[in-house]
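Chain nomenclature is as follows: A, B, C and D, assigned in order of appearance, with residue numbering initiated at 1 for each chain independently.
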Amino acid sequence: MIWLLGLLIGMMLAAAIAVLVLENHIAAVAATSIVSLALSVVFVLLRAPDVAMTEAAVGAGLSSLILALSLRRLGLWQIEGDKHPEIAKEGVDA
Amino acid sequence: MRNLTSLLFAAGLAFFLLVIAARFDLGAAPMLVGDAILQEAPAETGAANIVTSVVLGYRGIDTLGEIAILFTASLAAGLVLGRRRPEASRDADSGAVLQISAQLLFPLLLVVGFYIILHGHLTPGGGFQGGVILAAAFFVPLLARPGTSVNHTGLSLVEGLAGAGFILIGLLALFQGKAFLQPLLDKGTLGMLVSAGTLPLLYLAVGLKVGAELAGLLANLADSEVDP
Amino acid sequence: MTLTVLEQISAILVGLALLLGFIRLLLGPTAPDRVVSADTLSVIVTAALVAVGAWLGNALYLDVALVYGALAFVGIVAVARAIEGGHS
Amino acid sequence: MSDPELHWLLYGGAIGLIVIGAAGIVMGKHLFRIILALAIAEAGANLMLVVAGLRPDAVAPIITGGMIPEQMVDPVPQAMVLTAIVIGVGIQALVLSLAIRVYKAYGTLDMREIRLKMAADIDAEAGVDDEVSQEGPAGERPLELPDAVTSGGPGQ
């Protein structure tokens, strides 16, 4: 069982690094939802179904909704890179 | 230079947290409060879900503060975002698939949300999770047809009445000579739907309030002109 | 906990599916690839939550899967709408 | 009882999330990424709290079938984390709407550009008055601040 937990935690950390490294903002939002997805399964394995349900509802549903809506509002939804070329080159990667 | 100090900060934080983690053995922490609550909660509140009895029974006033924080955040977000101009362009409607699936999904999400809220004292779930689902249910049609108008007055009414109901239930206990937000009514049998006194009513109020707040927040965020 | 052979097979399958979907998330050259892989992962995780409920022998965990399945769809649809926004 | 492998796996995951999120907040240059990093750090803190209340061979704190199990997980951290997650999403919405406001005012979310434009704004304000103005925090700063900001800023 511990290997599934290890796989999930590894996924979580890799997705968290991907959030900071990926250039496209929508891809970063998808990676954020992956972090909370893995986290909710970890919470279930840690015998905390209440917390897992909150994390699933908030992290997978509401947070993605809010982030996607504000990306739309900000006009940062471009498929390729960022809106401003000079930021796309150096500003996005943290 | 700046990156170096940042990395140094991150390394220091990691070291600090690792020292904390090394001192805690897994499961060896003395859970004095937790053990006392686990022993007393089923008899004292009648809720099968002990997390619910902690959230609403032992820490009810904390939950009141929490919904106040959520209310303030959604109010401030609405104030900062402002209203859209009526002549601003809207997004186009989505395709037929999303419109039809939104119609199918709306009653389903509504039922799931109320199920989660009303069974908060028996199974995992409760007002916050169910409220999020209710907000999503009311937002899905708006996602399919961005032109749909939102009844902000109705949302404010539901939100205000739910918040007032929560405080009213708390005050009723005060009038009977008990502590604020102390559970009232009959405890019932453990594990039945009608049990645990006023806890399901409190969770219903929390769920309606959270749902209305988040639906208003999402509508504010979506119903605005897209910047060029 | 000790698992039966069938449960172990299901655990391995779930882990493999998670791993493969996650590799696509990391590799995917464009943003739509990554969003689709996130959607796939959410379906896999719904199945994984049901499987965990079966391993632990407790029907309570099915509620988590229900909520997750209902809301992951809404979140992914919102992200998809955000991608499509520029072309309408 | 104590299982060092499990212990370091769980605490390592939580600490990793917190440190990645904190590094993203400190080193991030785009405001949207800083907000995402804040969400990650929050998730790590939540995981650490839940792990602190874990007993490896206990069941969830929910009574099923009318009988009370002898070993249950500590419910108090779980209730706290439940509260924290819900407040976190409220804070996230508030911060995002503030970011939208910043984008409207300055036309960019890059922290370095925002800092330069803010310095330029302060400069313009100060240049008109030619003395320390009485209003707001901008007025209380010395007049040579914009130079200091531009030279000490992200240029190097």
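As a convention for this text, contacts are C-beta pairs under 8 Å (C-beta built on N, C-alpha and C of every residue); 3 or more make two chains touch, one makes a residue touch a chain.
Quick caveat: nothing in here was measured; it's all calculated off a predicted structure.
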A-B against A-D, pair bridged by the larger set of C-beta contacts: A-D
For chain B paired with chain D, centre-to-centre distance based on mean C-alpha positions, whole Å: 20
Length of the line joining the C-alpha centres of chain A and chain D, rounded to whole Å: 14
Between chain B and chain C, centroid-to-centroid distance (C-alpha), Å: 23
For chain C, residues that touch 2 or more chains besides their own: 60-61, 63-64, 67, 70-71, 74, 78, 81, 85
Touching two or more other chains - residue numbers and ranges from chain A: 29, 49-50, 52-54, 57-58, 61-63, 65-66, 69-74
Residues within chain B bordering two or more other chains: 49, 51, 91, 116, 123-125, 128-129, 132-133, 136, 139, 217, 221, 226-227
Touch-based graph of the chains, sorted into line, ring, star, complete or other: complete
Chain C partner contacts - residues on chain A that touch it in the complex: 1, 3-4, 7-8, 11, 14-15, 18, 22, 24, 26-27, 29-31, 33-34, 37-38, 40-41, 44-45, 49, 52-53, 56-57, 60-65, 68-69, 71-72, 77-80
Chain D partner contacts - residues on chain A that touch it in the complex: 2, 5-6, 9, 12-13, 16-17, 19-20, 25, 28-29, 32, 35-36, 39, 42-43, 46-51, 54-55, 58-59, 62-63, 66-67, 70-71, 73-74, 76, 84, 87, 90-92, 94
Contact set on chain D toward chain B in their complex: 1-3, 6-8, 10-11, 14-15, 18-19, 22-23, 26-27, 48, 51-56, 58, 60-66, 68, 72, 74-79, 82-83, 86-87, 90-91, 93-94, 96-98, 100-101, 103-104, 154, 156
Touch list for chain C against partner chain A, complex: 1, 3, 11, 14-15, 18-19, 22, 25-26, 28, 30-32, 34-35, 37-38, 41-42, 45, 48-49, 52, 55, 60-61, 63-64, 67-68, 70-72, 74-76, 78-79, 81-83, 85-86
Of chain B, residues touching chain A in the complex: 49, 51-52, 91, 116, 124-126, 128-129, 132-133, 135-136, 139, 214, 217-218, 221-222, 224, 226-228
